[in-house]
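Below: one structure in structure tokens.
As written, the chain order gives the labels A, B, C and D, with residue 1 at the start of each chain.
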Amino acid sequence: MKEELFLIVEEPIDVPALVKKVERREAGAITTFIGTVREWTKGKRTVYLEYQAYKPMAVKMMKVIDQEIKEKWPDTKIAITHRIGQLDITDIAVVIAVSSPHRKAAYEANEYAIERIKQIVPIWKKEHWEDGQTWLGDQLETVPYPSGKPIIKE
Amino acid sequence: MKEELFLIVEEPIDVPALVKKVERREAGAITTFIGTVREWTKGKRTVYLEYQAYKPMAVKMMKVIDQEIKEKWPDTKIAITHRIGQLDITDIAVVIAVSSPHRKAAYEANEYAIERIKQIVPIWKKEHWEDGQTWLGDQLETVPYPSGKPIIKE
Amino acid sequence: MITILLFAHLQEEAGKDYLELPLENITVEELKKTLKNDYSFTQMDQIMVAINEEFALSTDIIKQGDTVALIPPVSGG
Amino acid sequence: MITILLFAHLQEEAGKDYLELPLENITVEELKKTLKNDYSFTQMDQIMVAINEEFALSTDIIKQGDTVALIPPVSGG
């Protein structure tokens, strides 16, 4: 069975299993980014979060990010899993794992991936505060998309 | 029992346990760096590696790095475990986990930590090639220390 | 007839996760105008349109059988 | 008498992991010279000295009871 590198799941994410997906004999560095549900944001307390995705397109966009990364950092291998549904404080929402022969590319490609997820992957977060709830808009505050659409290639 | 954030061990490193050490309700981002034993380096094939440490000083120097990071990125929490002894290809030699309310600091502090480990933590790597073996010198190629000693504070 | 998938606050405002509209062979821009004027959708400026799981330009044409989705600013990660 | 811990290639060259030398109240620089001249240690320029688990300056003085270690360029990570 071909291992899926880009997934949207509804269950807790198995971090070591994701790391395993990018492990290679030629890789000396693996970076991971683990995005967790934070309790406090600018003085406001989150009780829980709800994530929704346009699943097939979200997976497709993660593969677009993979292609972009392969062009910029040719020796890297990347895997991403994003969880959706209801998540509590400290639950893991997203994990990105990148392997590379050398560490610099593993850091850079990983950070690039999370930035791009926040730009082009159709996943939405609903904050449930103590006193209300709201679907969050673009967290990058580049409202809306200046060029009329998210930049897919640079 | 107080959990040790900085360790030198001789057994395989438990990555999720290390991530757990830095997990906090106010943290939304955790980065990890996993340094693995690479098979090929500049066309030369490694069969296995051997790491040796001056253990008490290594732990002390990791705590120095912790202090440096706390000054530069006050909201971060970091844990480091380095394995020593004989390691085979793809085995994990070092894991660094950093948590932070926001991701930028988690990436920056993590990368800073691995750079500093390679500068001031007394751990040595012996490469066992197919046709010989050698203790590696300073991999940063800043031979020796220009100021007469490794820079402890910037 | 085209099917339009809704997400996040759009889904809650509409009370359902898709719309079926008697439209076709219109541009993305025309679709957004129609949604704003005839169906009272607000903040259409901030909404991207995807056709068959790809972000579409405002001049792209929506044809019979296309899967259209309204994509509010994303907030994953 | 001071005890000097050895690591990596120094340990292999000496065939043991520490030395006991009849020295004390000397500077780090003097220790390095002595090791080079009297004990045939090579590449002393690249070796750092730690006293009591802290990197020492070449002018620092080694006293009776100090734990001294020779630190070749490190290669962890």
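FYI, contacts are C-beta pairs under 8 Å (C-beta built on N, C-alpha and C of every residue); 3 or more make two chains touch, one makes a residue touch a chain.
All values derive from a computational prediction rather than experimental measurement.
The chains touching chain B as well as chain D do not exist; no chain touches both.
Ranked by distance of CA centroids from chain A, the top chain is D. For the pair chain B and chain C, the distance between C-alpha centroids works out to 49 Å. Between chain A and chain C, the centres computed from C-alpha atoms are 24 Å apart.
Those residues of chain D in touch with two or more other chains do not exist in this structure. The set of chain A residues that touch two or more partner chains comprises 35, 114.
Partner chain C is touched in their complex by these residues of chain A: 35, 51-54, 56-58, 60, 82, 93-94, 114, 117-126, 135-139, 143-145, 148-150, 152.
Against chain B, in their complex, chain A makes its touches with residues 15-16, 19, 23-41, 89-90, 101, 103, 106-107, 110-111, 114. Taken together, the chain C residues at the contact with chain A in this complex read 5, 7-9, 11-12, 45-48, 50, 53-58, 69, 71-77.
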